[in-house]
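Read through the structure below, which is laid out as structure tokens, and then see the notes.
Naming follows writing order (A, B, C and D), and every chain is counted from residue 1.
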Amino acid sequence: MNNFDDIPGTYLFDKDRCHEGYHFNMFCKSLTEPKNRDDFKANEEGYLDNWQLTQSQRQSVLDRDWLGMIKAGGNIYYTSKIAATDGHSFQYIAALMSGTTENEYRKMMVDGGRSIEGNRSLSEKG
Amino acid sequence: MARIVAGLATSHVPAIGIAMDQGKTGEPYWKPLFDGYDPARKWLAKLDPDLIVLVYNDHGSAFSLEVIPTFAIGVAEKFLPADEGWGPRPVPVVNGDPKFAWHLAESLILDEFDMTIVNDMTVDHGLTVPLSIVCGQPEKWPCPVIPLSVNVVQYPPPTGKRCFDLGRAIRKAVKRYDDDLRVLILGTGGMSHQLHGERAGLINSEFDKSFLDDLSRQPQRLVDLPHIEYVREAGAEGIELVMWLVMRGALDDDVTEIYQHYHVPASNTATGLLILENLTE
Amino acid sequence: MARIVAGLATSHVPAIGIAMDQGKTGEPYWKPLFDGYDPARKWLAKLDPDLIVLVYNDHGSAFSLEVIPTFAIGVAEKFLPADEGWGPRPVPVVNGDPKFAWHLAESLILDEFDMTIVNDMTVDHGLTVPLSIVCGQPEKWPCPVIPLSVNVVQYPPPTGKRCFDLGRAIRKAVKRYDDDLRVLILGTGGMSHQLHGERAGLINSEFDKSFLDDLSRQPQRLVDLPHIEYVREAGAEGIELVMWLVMRGALDDDVTEIYQHYHVPASNTATGLLILENLTE
Amino acid sequence: MNNFDDIPGTYLFDKDRCHEGYHFNMFCKSLTEPKNRDDFKANEEGYLDNWQLTQSQRQSVLDRDWLGMIKAGGNIYYTSKIAATDGHSFQYIAALMSGTTENEYRKMMVDGGRSIEGNRSLSEKG
């Protein structure tokens, strides 16, 4: 059996996550329309009421808890549309998800990125 | 008779498009990357293909989780750049070629590829950034483009073997086309990158460089590579690399490697570019 | 382990659904047809399957020409009857089984079928009329149903061989499923009919009866039948019959024929119904 | 080469017809929503203005020229939605397309349908 769960810090967007996150990601997708972005920005809580989000999905959006969104079934290409609405880049949310600041993360990338060594599997990581 | 004369693979990082759209390509962060694109642009201008088949993935722009096609082909007259949350990219409209695209769709379905045919769709950075990379910033794109989108967002994407075989079937379809077109095939996405989770920022240059080398010379190793190896070694979003196999499958077994370029980083990503030509051209 | 215990194929003529919804099944025009459905209903009630995989085509209801998937599988919790221009049919909501459907989708894609995964869709007469035919008019359908839609509206549909092979892959996927489910597979559409043009009303009973017979006993002849033979012999819309091959492919090579029913006409159409059981059941 | 055009009275909905009829069929598809049916019924010309139809497609709709719709790139499953909006069945339009009345057509069907003999190919038909 393939065991994607053995890969550290990785949340494969598989059938279970799609099933859990469908409505959440469709909310994110709605932000590709300017009018919807305006509505969301004007009243986040009200806008979210239009979508069948779980409590943890909803809270993760309001808190801009980017890792929380992923853990609650968000897909990065969809949650990034919230970041775009906020005026943030993929790099900004990647930094926050991996528990660092944008500056430190940027420096890590310029220095060659996060090493694969020690990051292949949980067992290897020990 | 139409024929595929060459293949090009490249990353399609959104930040590369943004750097071009915002005129930042000369900045120290970006210059080494864009310098590496110059030879590819010169090569493409000289090749002057009649048509591009562009294999890419949509990132929740034209499609969503409502309907997730494994392979989709755009048969429209034109494709507008998508709004991905920050407005559409200021790049030319992409002109299709309905006659060729429908021929391709028909041929692939009769060859047992279960294509989704799309009459109306936008195209996101997955398609427009590669065009910007190889064409720069022209008033209009140099030739018609057939969008061929592959699902790599929802697990499972098609297997590497299926992607390679799709390339083979594309080659057959091109050969069956009556008009005398010189076709370029682009495979896009990758290289190693992970955009989400605590492991975001993962770069595996060793994996990437082997991938670049083996794609020209011994693609079979990559055809057999299981999904989990991409995710583990090249990052969760590095699985986009399966799309490069469609390009490779569309070329002959023996090819000439024309150019290779590799740079880290572009935003969260390792970028690669590879140009292969069929020997017969 | 789940297993496919039987297969059933049936026409899915909208007028059959309308006759049931409007209480006309006892009228002289309809009675001979519905009398023939009685044994199938009794058989199904006795079989009492845990799940139905229902192979059908959408007729411009859930999908349109905007996005035309060759093979699509519905993974939603439920599917509402579609409004096809005269309001939705007054039949129960169709409950899916997301866990099974996702397993099937994943298994098929990894087995190199290029499925489109659908999280939200309605279901039209192509799916609800077969349920009405085999279940009558219950308060709720007897078990969850997985909608598997095949493009037969836009030429080209998948080949007969591809449909048969999809059935084979479904069989494999069912066997790989952990829960102990008894699965029935339905293939729908056909039999001979042409709904459009000056040749509308075409019926070819000889073709239909051979199809019914050969599907049980020598399906290979039908697997090899090219599209044009369906269109020529069974009418342009008779090409729906390729979907019966998905059902047949999902069964064992040797099957027991339980029941056969054939009647002309229902509206523009020849109707057929065929029940096959795997010997091992 | 397969030659579908050799089959009499048959308009295979292939790539050319889809390309020609895309917007037309999408107009038909819009009639699956009750509100759109009401709008269409209230003002056919005005409703059709919202869609990029060719002149012959448009006229075939206004004339309820069912065979004309097919010849202009209409697909039967889509044009039938106009029939449904009008309260007509598939059988009604099938009769008109084949150049007869609904009653005669119905009788032909009850008698076993249109024979395949002489209807296989134009060459056979002579």
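By definition in this document, a contact is a pair of C-beta atoms (placed from the backbone, for glycine too) under 8 Å apart; a residue touches a chain by one contact, two chains touch by 3 or more.
What you see is a predicted model; the values in this text were computed from it and never measured.
Colleague: Determine which of the two chain pairs, C-D or B-D, is joined by the larger number of C-beta pairs in contact.
Modeller: Answer by contact count: C-D.
Colleague: What pair in A-B, B-D or C-D shares over half of its contact pairs, by residue number, with A-C?
Modeller: More than half of the contact pairs of A-C reappear in B-D.
Colleague: How far is the middle of subunit A from the middle of subunit B, if each middle is the mean of its Cα atoms, in Å?
Modeller: The mean C-alpha positions of subunit A and subunit B differ by 24 Å.
Colleague: If you average the CA atoms of subunit B and of subunit C, how many Å lie between those two points?
Modeller: 37
Colleague: At what distance in angstrom does the C-alpha mean of subunit D lie from that of subunit B?
Modeller: 40
Colleague: For subunit C, what residues touch not just one other chain but two or more?
Modeller: Residue numbers touching two or more other chains: 65-66, 106, 119-120, 154-156.
Colleague: By residue number and range, which residues of subunit D touch two or more other chains?
Modeller: Residues 14-15, 18, 22.
Colleague: Across the complex, what residues on subunit A touch subunit C?
Modeller: 14-16, 18-19, 22
Colleague: In the complex, go through subunit C and note every residue touching subunit A.
Modeller: 75, 98, 102-103, 105-106, 119-120
Colleague: Of all residues in subunit C, which touch subunit D in the complex?
Modeller: Residues 14-15, 29, 59-61, 64-66, 82-87, 153-156, 192, 194-207, 226-228, 231-233, 236-237, 264-265, 267-268, 270.
Colleague: Hey, which residues of subunit C end up touching subunit B in the complex?
Modeller: On the subunit C side, the touching residues are 65-72, 106, 109-110, 112-121, 154-159, 161-162, 165.
Colleague: Hey, which residues of subunit D end up touching subunit C in the complex?
Modeller: Residue list for subunit D touching subunit C: 2-4, 7-15, 18, 22, 25-26, 28-29, 31-34, 37, 67, 70, 75-78, 80-85, 87, 89-91, 94-95, 97-99, 105, 108-110, 112-116, 119-121.
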